[in-house]
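Paired with chain B in one complex and with chain C in the other, chain A is shared by the two complexes that follow.
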Partner chain A sequence: MRKNSKLSNLYLVLVFAILYAPIFYLMYYSFNSGGTMREFEGFTLDWYKEVFQDTRLLIIVLNTLIIALLSSAISTIIGVLGALAITYVKRRRTKNTLLTLNNVLIVSPDVIIGASFLILFTMIGIKLGFTSVLLSHIAFSVPIVVIMVLPKLEEMSSSLVDAARDLGASRREVLTKVVLPYITPGIFAGFFMALTYSLDDFAVTFFVTGNGFSTLSVEIYSLARQGISLTINALSTLIFLVTILLVVGYYFITQRNNRVKGVAIRK
Partner chain B sequence: MQTKSRNLYLIPYVLWMVLFVAAPIVLIFYYSLFDIEGNLTLANYAKFFTPVYMQMTLSSFWYAFLITAFSLLIAYPTAYLLTKTKHKQLWLLLIILPTWINLLLKAYAFLGIFGTYGTANNLLAWLGAGRQQILFTDFSFVFVSVYIFIPFMILPIYNSLEEMNPSLIDAARDLGSSQWETFKKVIFPLTISGVKSGCQAVFIPALSLFMITRLIAGNRVITLGTAIEQHFLVTQDWGMGATIAVFLIIAMAIIILLTNNRRRSAR
Partner chain C sequence: MKQLLNAFIAIAVISVILYVSINQLNSSQGYSSGNTLTIYNWGDYVDPELIDRFEKETGIKVIYQTFDSNEAMMTKISQGGTTFDVAMPSEYAISKMKEDGLLIPLDHSKLPNLKNIDARFMDLSFDPGNQYSIPYFWGTVGIVYNPDMVKGKKITSWNDLWDPEMKNKILLADGAREVMGMGLNSLGYSLNDTNEAHLQEAKAKLNTLTPNVKAIVGDEIKMLLANEEAAAGVVWSGDASEIMGENEKLDYVVPEEGSNLWFDNMVIPKTAANREGAHQFINFMLEPDVAAQNAEYVGYSTPNKEALAILPEEISGDERFYPDAETTEKLEVYDNLGKKMLAHYNELFLEFKMHRK
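Showing the complex of A and B:
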């Protein structure tokens, strides 16, 4: 039995090592003065300097952030409205249809989403670039927000709303003072998920971005196709750090979620 | 009065659905009926059934199958061992963390690791096996894809293992089954729903990968995703691209029907 657990620990460690190796590999070579990912010649911060001096790259980073923040804010609004709408639909068939349609974009491969949006935008005459990228990011984030908010709404007991109504709250007050505060953790979780999906997306953006507009993923793709450049390594180290911050933030939100759930159960 | 204001929530959400879920699918079907000159024809469908495209479809399925099988082989023990650890939530978070890092950066890291003078080759040389061509081969393509998909396989399996009632295992052991028998007859059948949703989460994206094929497989591997991208963005033959997309959608629907569980998916 003892030997068994040692073996299983080894297995887990191995899986973790493989999962993290490429990430640390990138970070390690971002400090290499040699300019390749082969031999480590000496420590340098030159690649980081290059990242911060590259105005074009900084504009792309800014674009990526603006798209991510805007698209997740808008998709959170649409998604919350959608989740409210779905919970208010009483007919089971309609509800299931709505949920199935909601999931279409989640299970669809990125290539299909990208290609179909490309057709859509060309047909309705939206110029490829900022607008088309923003619209498609909103489009694929909405179902994610719905999925994160819906369980919160479903878990909310209807007696809360009834009580508020009995005490004379208007529909508007019920929504802003009872329902929205209750589902706030779900809304935040949805917003964060949408944010990370948007920051991470490559395939869809690649299809709907025009010549002049680029996001980080698309830029990394075109750089990587030209071969190895340690600027990408430096950039990825920075992205990795930001990602960790985001994940920690997300983790705390879900922790708070759990606590709220705990309270609800106790009640 | 009441239903009217409730329907107000539905407006933006349904608008989103019509524009970004329904319309794109309809447009894909519509475009598949046109050839490159814009004539209404079924030639694209005829072309899809020629040996060239059939072979591509088959190889695409074969690679997706390989990737799914290897992911499952590695992910199942990992998920199982994870449920046995202390602080499982933390370990699970660490498994998920790499998925939050941009896909392209991970793929790019493998350009360095698998390169002619990269770490993998240095290791091989040190072992006396000599330098090999690792990058731009089927092996590197499958390896990197499996690397990227493992967390998506671990998560649903982990969830279904967690949902399982542990007393069932005790009962099986008490009734005298060996460890292997317990696994085969109790644990695996009870977690099959997790395995199914894991396979669904890996197989569909694996069919439609295109940027890994370009970066890591050096255009040697052509999947349905690569072909769609090629037709839409390089040769500008949207009709043929849409036709392949139609078949990819059909394949996706079949896979979802096959792997869907009656109950809510473990994701």
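Showing the complex of A and C:
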């Protein structure tokens, strides 16, 4: 048994090593003074300096972030409402149909979604740029939020709602004081999923950017023809570190919340 | 509920901060609304300093947007929704864009610097009279090879690739016109040949190359060659200069039987909102010192005769990228073969790819 667990630990370490290797490889070369990813010549911070001097690149990074935050916040609101609506549909067939339609949107290829948005936006006369990117990001994030929130809603026992109603809670109070707090973890999970989807989406964004508005994924992709410079390595390293900080922060917040809850129960 | 509200407030606050800082960055560059010009170009295909200079000289604010393939660019332009004022398509894309009515004719009276372009690169088959396009950069298709790995043998022609010594040592770029063109050229035919017998002959000859071919790859060919994963590769000269920048051991040669001559060109799409500014920009890029600086930054070959005179000898004298008249004579620009013939080329190329060793 012991031997077995050692083996499984080794396997786990191996898997993580493989998953993280490319990222660390990229980070390592971001300090290379040589200018290529071939040989490490010496330590330098020049590439980081270049990132902060390249205003165009910085604007693109900020654009990417603002789109990610806004689109995932808005799609979380829409997605939660959608999930609530789906749970309150009583007829099984309608419910399944709605769920299937939602899943179709998740699995349909990004290229097709992107191309359809491009055609739609140009047809109804929305100028490509911030609005078009925001709208399409919201659109592909909503189904993801729905999928993340639904299990929490299903898991919630209906007696909770009944009890609240019996104690005189209005519909609004039931929603804000019982249902929403219960599904909060699901909502956050949905929000973060939407955030990552939006940050790394290339295919959809590619079709709907324009008029001077661009995001990081599109920009890096079009750099590929000339060879990607180490500035991109530096930038990716920074973004990776920020993501780690966010995840660690999120971890500690949930830890603390759990502890608080634990204490309350023991009382 | 409180937690959710707090989170949403935090997001709103961060968004506002981001929005303010974007505006700040924009205005720090003097980017305000008004006279603007949108350039649609390949990534990192112009020296940013030149854009700053153009903005200062003319007071026009430049928005630089990038694309990664001719096809993507054409889709964006044909769909509308954006106002691209100047774009830089490759030559085969121009005949297609012309056919689709995506370009507006250029006003040559507004482009006095046109005289700086070498006459060799004017009035070519894809755009007679340069009605719609002005050459921006040019190059060839050739062979990058690693002298160490070919045992000191000097590669000078396409036929050297068929050498049994090269078994499993060659990489090919994944392009039907390039590979078929190589087959046709090696037999002494034109790479725009449409004669069925010649095409079949070329394909049969290519099939005999398969034992030497290690892989047919896309953009990763640059990395593979620079990392010495293969002894030779068929690539565009632009890629070649990059590969050689990364690995100085490698060398590039334009095969003596002839090869392809390619162009990236400046055009004004029909979506242009600032036609006056677009002409100004094209004319600015044609100025000798501007073109020279740009060529040094990008590393591709400039068609600008006056700029070539200014460029340092080590660049302009490099016969690999500025081949002499004799070699240039044998280079051919791709003709627009028409949809049917192009499909046939693709099919032959596909058959070659599937051919067993």
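Basically, the second predicted complex is superposed on the first by the 225 of 267 C-alpha atoms of A that agree within 3 Å, B and C clash if a C-alpha of one lies under 4 Å from a C-alpha of the other, contacts with A are read in each partner's own complex, and residues count from 1 in each chain.
Note that in this section contacts are C-beta pairs under 8 Å (C-beta built on N, C-alpha and C of every residue); 3 or more make two chains touch, one makes a residue touch a chain.
All figures in this text were calculated on a predicted structure; none of them were measured in a lab.
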Joint occupancy of chain A by chain B and chain C, clash or fit: clash
Partner chain(s) touched by A:81 [first = chain B, second = chain C, both, neither]: first
First, second, both or neither for A:112, with chain B first and chain C second: first
Which of chain B and chain C A:99 touches, first, second, both or neither: neither
First, second, both or neither for A:55, with chain B first and chain C second: second
First (chain B), second (chain C), both or neither touched by A:29: first
Chain C versus chain B, contacts on chain A by residue: B
Which of chain B and chain C A:171 touches, first, second, both or neither: first
Contacts of A:63 with chain B and chain C, given as first, second, both or neither: second
Chain B versus chain C as contact partner of A:16, first or second or both or neither: first
Partner chain(s) touched by A:210 [first = chain B, second = chain C, both, neither]: second
Superposition clash, chain B versus chain C, among 113-121, 149-157, 203-211 or 257-265: 113-121
Contact residues common to both interfaces of chain A (with chain B and with chain C): 36, 38, 118-119, 206-207, 221, 224-225, 227
Chain C residues within the chain A interface of the complex: 1, 3-4, 7-8, 11-12, 14-15, 18-19, 21-22, 25-26, 28-29, 36, 38, 42-45, 48, 63-68, 72, 75-76, 79-83, 219, 222, 226-227, 242, 246-247, 298
Residues of chain B defined as touching chain A within the complex: 5-7, 9-10, 12-14, 16-17, 19-25, 27-28, 31, 74, 77-78, 81-82, 84-85, 91, 93-95, 97-98, 100-113, 115, 117-119, 147, 150-151, 200, 204-205, 207-208, 210-211, 214-215, 224-225, 228-229, 232-233, 238, 241-242, 245, 248-249, 252, 256
Chain A residues touching chain C - in the complex, by the definition given at the top: 36, 38, 55-56, 58-59, 62-63, 65-66, 69-70, 73, 118-119, 121-122, 126-129, 132, 176-177, 180-181, 184, 187-188, 191, 206-207, 209-212, 214, 218-219, 221-227, 229
Residue ranges of chain A touching chain B (in the complex, touch as defined): 8, 11-12, 15-16, 18-23, 25-26, 29, 36-38, 77-79, 81-82, 84-86, 88-89, 98, 101-102, 104-105, 107-120, 123, 135-136, 139, 142, 146, 171, 196, 199-200, 202-203, 206-207, 216-217, 220-221, 224-225, 227-228, 232, 236, 239-240, 243-244, 246-247, 251
